[in-house]
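In the two assemblies presented below, chain A is common to both, partnered first by chain B and then by chain C.
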Partner chain A sequence: MEAAISAKKPLKKRYGKLLASQRRFAYLALLIPVLVLSTFILLPTILAGYYSFTSFNMVTEPTFIGWSNYIRLFKDPIFIAALCNTTIYMVACVILQVSIGLGLGMVVTRTWLKGKVLFRTIYFLPVVLSMVAVAIIWQWVFDARVGLLNMALDVFGVAAQPWLKSSSQALLAIIIISVWKFTGYNVVIFTAAIQNLPIEYYEAAAVDGSNGWTDFWYITLPLIKPSILFTTITSAIGSFQAFDAVYVITQGTGGPNFSTMTLLVYLYKHAFDNMKFGYGSAVSIVMFVILIILTLIQLRIGESSTARDF
Partner chain B sequence: MKTLTISRKQYASSNVLNRISSFLVRMLVYAIAISVTISVIIPLLWVVFTAFKSLPETYVWPPTILPEQWRVDNIALLFERVPQFGRFFINSVLVSVPLVLLNLFFCSLAGYVFAKFDFPAKNLLFILVLATIMIPFQVTMIPAYRILSTLGWNNTYMGLIIPGMVGAFGIFLMRQFMTSIPTELIEAARIDGASEFRIYWQIIIPSTTPAFAALAIFTFLESWNSFLWPLIVIDTPEMRTLPLGLALLNTQFIAQWPLIMIATLLTSLPVIIIYIIFQRQFIHGILLSGIKQ
Partner chain C sequence: MNKRRTLIFCTLIALVVLSACGGTSVTETEGDVVEPSEVVNLRMGVDSGMAPPIIDVLQAAVEEWNAANPGIQVILEVTPEYWVKTPSSFASGTAPDIIYNTVTETTSTFAELGMYIDLDDYIAGSEGINPEDFEPGIWSTAVWNGGTWVIPYAWSDLGITYNVDMFDAAGLDYPEAGWSWDDFLTVAKALTVDTDGDGAIDQWGFAMSNWPYTGLFPFIMSNGGEILSADKTEVLTDSPEGMEAIEFYLGLVHTEKVAPTAVDLGENPNPFATGVVAMELTRSFAPYQYSLINPDLNFGATSIPMNTDRINYFEGSGFGINSKSEHPDEAWQVIEFLASPEHQLIMAQQQIFFPARTATLSEVDYTEQMQAFLAEKEYGCDLQVVSQFDTLTSHFFFYLIGAVGGVDPIDIPTDFSTIVASAEEALAAHPIK
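The block that comes next holds the complex of A and B.
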């Protein structure tokens, strides 16, 4: 009895030591990641909420002013314009990026298509480029005098368009740029989803006399719903935060005549150009709330539509 | 018997129709695939051609497609007109490379601990990390900039590197991979007396190389192309990274297309080369990022 205990004791001690060393390792490993994430994301989030109720220029301490920033915000016609532009831009980007992405995903998954890999490689290429470079390339494609697009239109006898210099066409031009840049990402997501569909479904449908269209509507589309939901959410979140292209092309003005002013450009301009950091924080909180609502709506739609299917 | 022959006839005619329609569909699919390819490639080729034209040649009508003469010395001209361009490039490398290495190290370490360890407050810490993934950048940027200024890191490499040295997405990606490593393997190494760090270094890292490759590529792309954060942190010309430098160039040399295009080309070339070499890992990484949702 005694011998058994004494034999057990050191083992238990060793086990405890082992656990302690594991614990120490775990905390050490997490120390820096948690410190960095807390300092540069969690703490700032709380501070952003606080700053949004203050007047703050980064030189003197913030002074509390209640809801003033938010009230001023919704009274500013340029903010309303930015809100509208961002909404139009986001809706257009989501529709185009998801539908074109899905269409191209269908195209590059046809088994008989030759050069699939090459097509996929090229479609994804714009995704890896910097948005600044893409914006510069397209600013020149859209150039009224020497731009590629007007040259191409000239071939078809269409008169030169002002594009980025016109307040009615500039936002459309920015939409085209982001479709060119980001659609390749959705192509990759859809390609993988379509390739993973079990071939038996199509074989069974073929026995029942299905064709390409019925296959697409009744098999492919319902089965890749999760991918459609995913690309819709990522495209929406991404385009809601549009900044680089507009900033580079309009030099931060959101022009001409605020027609390309997005929420993030508006935020940047007020915070970092005009040093109104409290006001900028209020914009960021409004954007945050809209993003949360958007995501929740999309998840709800996704949930209910998948629930109906199964 | 009669019905059978009719149905055979019908079958034959529908077969011909099917063939014609499937031929048309194939033509249509090829037409789409090729025209999209052209619309992606043409602007990029045009950049390359224009980069090596003379300035007057970019304004002639009708336009030339290939340069009349390939002016390779346009590259030298860029460095002459914008002497800091080389510095922009070095800055981008000096920021991107440490960011990749730090992310690989800290994300994998944290991912490993979350996947394979049990310790008090694990769930709390995990929720903390989880929360950061949902907070958009524009919410944190103003206060983060203030914290950075307090630390005296604005306009420094530290300011560009430290806030991005670890990310929730990387931690999740790594955790996902580490979960599938058999725990017995780790236990066995412990019994053999290996230290915890040695187990991580010599067993865990080698068995999760695909995750490392994916995260490395992601982090590199993100940091090489990053624009908004450097725009906030950096305010002297010599500390600019390539995207900032390019944006500056674009405002300084309006309509000097060869100069702007050569700079665009030099900025984009590293990512294009890396993309072409590591295509498979890129696609893999994109798909992994989809899994996290």
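The block that comes next holds the complex of A and C.
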């Protein structure tokens, strides 16, 4: 008996060995995604940072030119236009995608609503469609001569609008396309969040005589703040990188008077059409910095809001 | 169990790493890439946007060459996204041996990047290629910064195409070569009509173009204006002649309203071929494009209307040798073959492009419309080859996208002073050689 006991290793040592084994496994499991992220995200980001300080056409060796690309960038009125357009587009898309997504999420989670699955499917269908296909379809919807939208307006006696052909309406048209395409994703997020809320809060509030609006404002909204923060951040990041619809519809020209020129289309034009990779890299670094700042601000707002609630 | 998991993950990691170590893909093109052996294998790259009949002609030429030259085999690579893929493939050392190019804009671009071999020595020692056998206006577009970078293959020029049925319905005489701006405007007004009596114009006299080479620049030059100074440092479009031409051209849609606005056109890609407009300024390969869209279109062709000068200019294509090719001498032989009188005749008989060889022009029985374009050859010129679209043309192009749409108001003097300033800034940053 004593020999058997002494032959067993101490508990601490056995536990330590198990922990080391699990640690090895964890590192091995992380190795593949780290390799992939490093190769396809970290390394290109570092290279972009380097190329942004060079004149580089991808054919000849890069030539160091210091801050010239960045100086030229902020002196280019087309870049400024792209920055303004992208900002307006992002703000509008975030507000509309989150608010409409939340509204539809609230409707879809009503107990009295029949066919919830059908509605969720309908709202999510645009999300899974190819953006190129969506852009081509909507290009025809917005067609000034035979488009469905102008036909619908004609029924109400409204004159045909130029939409994508007008510098004052083209960006609005692109925003509509984006909201139609991506709101469904937020609907799914909010639906899941709302459905997981404890029903006891609503029962308790009902005892105190609260109504639908009070429930929403004082119970639902505070409890789904993490989901709101998540959808705001993802909508902001996604819309900041608007490219497909604009490029397909305007053939990369940015529309009339650059009214739909976005940062990514601007980057593509200079980096790939004009073969100015150094300049394009500078644009990408500026976008990266802006997105980082935006995300940090949003996270900070979210954190302070959560801290207040508790 | 731990050892098994470790082994599984190590295997996965090895698979991921090894999969990234695959051989370099050449290009996403049709046809197979043949490994070199005692036979010299060459690759010839062309743009997939070329007219299919011309691609077929080139493919037939390649097959004829291969049959007659077993020691030098050529593969034709028809490449999508050609203008982006070719420089990037050159950077990775995988560009074709023979590179096709459009001589007006991109030859100097590729030459400046070092993608081409200067062909002057080859030309000097060639019995088949003599610059004097080629159209001077076309040959000059292959020359840049003291070198000859491509051998011209085909070219086109500009003209006005007009809808014969619309002219007949309006009782108008067909426009004659050398006609004036005034004649042009008079005819355009007469052809801008409400054909179905619903109070809305549904037929316009002229189609605007946002591409400077087929819209704005010809009008500037036909008014005695110029695009660039002789030393290519100054943009001259804001001269009195230039501004007058710009006012006239943009006035067609904004004030005279003889051209449809972007709202009137919608997404119609070819208003002339679809019978919406009576005239358009276009290139000599337009008849081929019309035949694809509307084979029954009854149209004629004539010169660009002039105010002071009768003008035209050439655009074309040619073949050059990749500076990294391991077989430049063999590539030269293939180019000589493509530029031979026999092959030039086969290409010209497609009635899409004109052959670069002068003698071949007289051997083809061109259609009436093609003859009208060909007649303007003597007024043609090299439109001052520019290095990269970015330096000059783009500044006008992006402005014209909105301006010719006729939807947003324009302020021509202010707009063009801005365009000229930004174009000259770009020229200063990237001088044209």
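Methods note: the second predicted complex is superposed on the first by the 271 of 310 C-alpha atoms of A that agree within 3 Å, B and C clash if a C-alpha of one lies under 4 Å from a C-alpha of the other, contacts with A are read in each partner's own complex, and residues count from 1 in each chain.
The rule we apply is simple: contacts are C-beta pairs under 8 Å (C-beta built on N, C-alpha and C of every residue); 3 or more make two chains touch, one makes a residue touch a chain.
Everything quoted here is computed from the prediction, not taken from an experiment.
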item: Which superposed partner A:174 touches (first chain B, second chain C, both, neither); value: neither
item: Partner chain in contact with A:162 - chain B first, chain C second, else both or neither; value: second
item: Which of chain B and chain C A:29 touches, first, second, both or neither; value: both
item: Chain B versus chain C as contact partner of A:126, first or second or both or neither; value: first
item: Partner chain(s) touched by A:274 [first = chain B, second = chain C, both, neither]; value: second
item: Touched partner set for A:246, first chain B, second chain C, both or neither; value: neither
item: Broader residue contact with chain A after superposition on the shared chain, chain B or chain C; value: B
item: Partner chain in contact with A:60 - chain B first, chain C second, else both or neither; value: second
item: Touched partner set for A:138, first chain B, second chain C, both or neither; value: first
item: Which of chain B and chain C A:257 touches, first, second, both or neither; value: second
item: Residues on chain A lying within both footprints (that of chain B and that of chain C); value: 21, 25, 29, 32, 36, 39, 58, 139-140, 143, 145-146, 272
item: Complex interface listing, chain A residues touching chain C; value: 21, 24-25, 28-29, 31-32, 35-36, 39, 57-60, 72, 77-78, 139-140, 143-147, 160, 162, 165-168, 253-259, 270, 272-276
item: Contacting residues of chain C [partner chain A, same complex]; value: 2, 5-6, 9-10, 12-13, 16-17, 20, 84, 87-88, 90-91, 113-115, 261-268, 388-390, 397-399, 401-402, 405, 407-408, 422, 429
item: Parts of chain B lying in touch with chain A, wherever the complex brings them together; value: 18, 22, 25-26, 29-30, 32-33, 36-37, 39-44, 46-47, 50, 58-59, 63, 106-107, 109-110, 112-113, 117, 119-120, 122, 125, 128-129, 131-132, 135-147, 149, 162-163, 165-166, 168, 171, 190, 196-197, 200, 221, 224-225, 227-228, 231-232, 242-243, 246-247, 250-251, 255, 257, 260-261, 264, 267-268, 271-272, 274-276, 279, 282-283, 286-287, 290, 293
item: Touching residues on chain A, where the partner in the complex is chain B; value: 18, 21-23, 25-27, 29-30, 32-34, 36-45, 47-48, 51, 58, 103-104, 107-108, 110, 112-113, 115, 119-126, 128-133, 136-141, 143, 145-146, 148, 151, 180, 185, 188-189, 192, 211-212, 227, 230, 233-234, 237, 241, 243-244, 247-248, 251, 264, 267-268, 271-272, 277, 280-281, 283-285, 287-288, 291
